[in-house]
């Protein structure tokens, strides 16, 4: 039974505000933990709406100024769910105030913006993590276990896609609430920071550091009405980004993300090919892991479709019974549960800011290569 | 914002106790409702364990005698999650005490046992429902909408399976906690009441009444150690049950359930073939509905794999964004949300006891036919 | 290099005339055989058309009277591809004339009609076979090998479907060329003899004898114009047939066939569940065999999708390279190759007439049960 | 009925010699054509083996010197199935002798080697074609029809893979019969010419010219024993090749090929994303085309799995009935049938040498970029 409290102050109440809140409310129902999250306060600029969110999700209070929330004594951890351009300032202030920091991904718009964040949390010695939640879907965690166990042997190839189709219409505006991801000032980049950052985080977790990249970025729709100015403005984000890369272990990587792949809503897929075995996964069918093992008897060798829902598979012993699916939101519940468990034991919760900085480096190199077409070293050290 | 309370008293705290509790705790986070469920009390025979469950799930109190819980004034609704042989007594007492009743499926072990339950809730005029939760998975609800819209035309065939493999070992005992489903005294039947009851409920909801059946039941492992007596005893349940049937609309039905289908954990599938279109669904990939429409242009005609995760598809506007999966447990959240909404409007929440009685009639006819091999009329009136 | 000839006389030149002719022409290109088939003559009632067929497929000659063809000295084997009602007379005459007989399935319309055929070939001592070609698709043959090797252990369940949708329209007439399958006089039955006979043949080959059945047959469209009489006449065939059965090994069988399953063109599927392993197959994706083995390590256990195209898998060493598909027609090439190889060695080519008679018995029992709804013993001895 | 002959002289009798021979022997059985191919002669260096091949496949004669075969008067067309390094010399000599030329892909090892071949056939005015056979699988041809009909609208993305796993072992030697594809002198390149050439041919056929590329090539196993020298030698081919490209129509391309993707035998896949619709295809399941159309009603929108086996789909009216699969080899039968039909009408059979030269240009640019990491213009004009 949880006997201690972790008092949360949430900044931002959009889509990610909901996924995190749900994570906090559910973790202790399914995991045995010493700490129980307490929804102390939520912060947003529009009082009417932040109040509504607070009441709906049963936060004890609300604030309209995040600085005030950080200053409160009754809050242990600041969770940042705002647009990318605000992460750094809030995170640094929170760390300086001695709060733990949980920051939505990407850590920041650029490496340059992210580095002082890392420095701040490390100087303050506060627990910190970034919500690269897909690591904690059971099938993805199982992939990590299989790779670490050596089942795949030497790795030759890694490929990942994150394909969507929601911005194809020219009539979609950019900027402002719900659409800040299309506004380069708020988002920093397009699919690179929004989608590829997930793919890169998973890839380096599973397959080690990416040391150089060459990329091709494209903006298919050059101008869109801007919601904040009311004018038609140049689109600064990348609608699509493809890149090739080298991993430290000698394997080749191929990544693609776009919001112009008709028919795909959120098709995050990865595949990794090793000497002995290969693995595939797909967010649209997130409970399944595809696994091929060349050491199987040859006449019955084939891709195994593993329904990752058994009690001996990652996280699943805490949920239902074999065959019963969990969903997207469970990745956040797992991240909360792991964060709370690490709080008990003193372990670091991965990815922390320092680890997420490596992903930012790859994103930077990708965007730079998208401009000049050359191979760029990433400077990643993992 | 919920301004009213629905105070819940839960009887039983096993697997279904968890799914229902989760449903109560989450419904108001995702649906706009007037009523908020309050976890008032949970009841179980073993004090230590019911207390633990209460604390874990944040029930306000616990009881060890369900009669005492029913007698409490601070409880509006009794939720029955105990073994099948206890449903009738508890439900009737609850109804007589003026409580709403939410009963886990199957309603009872037999039609004879279920009929007084229906009479009791109807006489008392209390709101009642049975947890045939699969109706409320979005893909299944979408199937219902497509059929009701006439897209399929005249129906020719309905087929459903519910395949598992967890009881193949001869070493598995029967009876007692976690294994009462293998004990005919507690369960009433094997796969028929446990699994086929789900298939039958869905089938009659989608395709109308089943008027006659012929069945083949089998018990592959004839004797198992009984946990309650410690002795090896005859197994009284059906390990497998196959049946053919006629629907009122002239279509033919084919159903199969077993716990001896190696490789299937909880493979509930159905398919319905109409004059113009067909539909398929599978619990292992519950976010997908397969749909074939013969009216599509011939050269591009094919089964459509619909990822039921868009905002205009049933229930999904309340969750995340397109492409992001939900899971098994959401069916219970939806049933709670619908029950609360119906409480606002005064509507009946389907399936109610009367409707679930029709499923019991089919189960009875199936089990009778399993004994004599003849076709049996079901007496279903829908 | 083939040094001997097997001189073929083909009766009938419809769809099956083409599949068999193709088989004869290709077998020696891909298999090392002593005998080469020679397309000596084809026989049909309409001279213009049989001549065209002969020229197109490079038969050396044609006949319009099958009795004359049987009487020819330069023909070794009679291949029967005509409508079901003519099989018996032709086969018996051919056997009496000392010719080998290759008969398209089903052997005859009924057991009663088939028995003298068996007697005739056995009395004459002529080599004989029935074209239940699906046994010889590599994935199906592999299933047989896996079962025979004991990989599945005790069998609990067998289920098979053969689903089509081509007769849903009421405007489709019955009878005459191309449509004799809808005319009960010519076909003997509907889906039972046409489609389920395939399923039954495979099932008894893989899983042993079927000893009793109970069936439900239906004719959805009661009257159709008859092409031979020009009148609207009662439809005598079964449009759909479902049956349950017991196998000699104690497993339960479930079979369904229909021509009213919208969306399925020729969906012949089977699945077999054993104690240790299970197998699934589907004609629409005929190069794949799905295999689940419970003895796999638990965290990576899943259905394996085996692409049956490697050289160590049945027949595939004779074709291309791994990953390259073969098609439907190859089953006939394989049957020809096996027939020719058996001719070298003196082995029986299965299924022979006697074996196919057992399938006829099951069909008869199914059709009888379709009339009275009772369980019927089949009398099968395998 | 074919009344004219096309007399074939085949050079080379390896894997491709078999696929082409099969194509010649079968085309007239399934297509109505004026010309019938006659297998006049096959040529190879080893008399014993070429004789065996000739007898097996029923060639009328054999030669051990291709120059002699080209000089024969009784041959109309030379078909080149030898290693890549011999294509140019044979093709040019054949053209100069006035023979039609059918050349296995790739046209040659490099553009420089291919250009004189194009000049030779054009100067001689002889009919010519290159066996990029995958264009003629029905699902691929259907994709072409759908794109040309405008169903996809503006194209944003094209991605293709060709993944194999047959050279992972370090023990595999290079060079000589069956393994010349691993010897850079004979093959010119590794996966680029062998596999990506197919992907590029299909891509430019479906989506127009590729105007620039950037590539990453890798040789995972640096040295292998050479069969011709008996020594361990440096491996000169690319084991893997990834490239990004721009199409003339503004869409982005992503291509990958490797022989180190464990679990994939011959996984040639492509996907094309348009404004309105998308298409996917996969050689392992070659009868299926996946199609998504955004204009479908939103609640039933999904990827359609089209089983391309109906009579109104490309080539399929010449084969069996709906639902019945064809295989890999049929692509060659179709190419023969189209070549013969074009001979009747005087049409060019695509891809001809000039068209295949454009694919060679892309391969060259890819290999150059693999060396320097820069973007390279291809010079393609389509």
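A, B, C and D are the chain letters, set down in written order, and residue numbers restart from 1 in every chain.
Everything that follows uses one rule, which is that a contact is a pair of C-beta atoms (placed from the backbone, for glycine too) under 8 Å apart; a residue touches a chain by one contact, two chains touch by 3 or more.
Quick caveat, the model's predicted, so the values are computed rather than measured.
Colleague: Report which of A-D and B-D is connected by more C-beta pairs in contact.
Modeller: A-D
Colleague: As a quick test, compute the distance in whole Å between the mean CA positions of subunit B and subunit D.
Modeller: Chain centroid spacing, subunit B to subunit D, equals 55 Å.
Colleague: Quick one: report the Å distance separating subunit C from subunit D, using the average Cα coordinate of each chain.
Modeller: About 36 Å, centre to centre.
Colleague: Can you check how far apart subunit A and subunit D are, centre to centre, with Cα atoms defining each centre and the answer in Å?
Modeller: The computed centroid separation for subunit A versus subunit D comes out at 42 Å.
Colleague: Counting only residues that touch at least two other chains, what does the list for subunit D look like?
Modeller: Residues 264, 303, 307, 310.
Colleague: Classify the chain contact graph as line, ring, star, complete or other.
Modeller: Chain contacts: complete, every pair touches.
Colleague: In the complex of these two chains, what residues of subunit D are touching subunit B?
Modeller: 142, 145-146, 151, 289, 291, 293, 296, 298-307, 310, 312-313
Colleague: Spell out the part of subunit C that touches subunit D in their complex, as residue ranges.
Modeller: It comes out as residues 1, 15, 19, 21-22, 25-26, 28-29, 52, 55-57, 164, 166, 264-267, 283-288, 307, 309-310, 319-330.
Colleague: Looking at the complex, which residues from subunit B come into contact with subunit C?
Modeller: Within the complex, subunit B contacts subunit C at residues 156-157, 159, 163, 165, 168, 214, 216, 218, 220, 240, 242-244, 246, 250, 252, 254, 256, 258, 260-264, 273-278, 292, 294, 303, 373-375.
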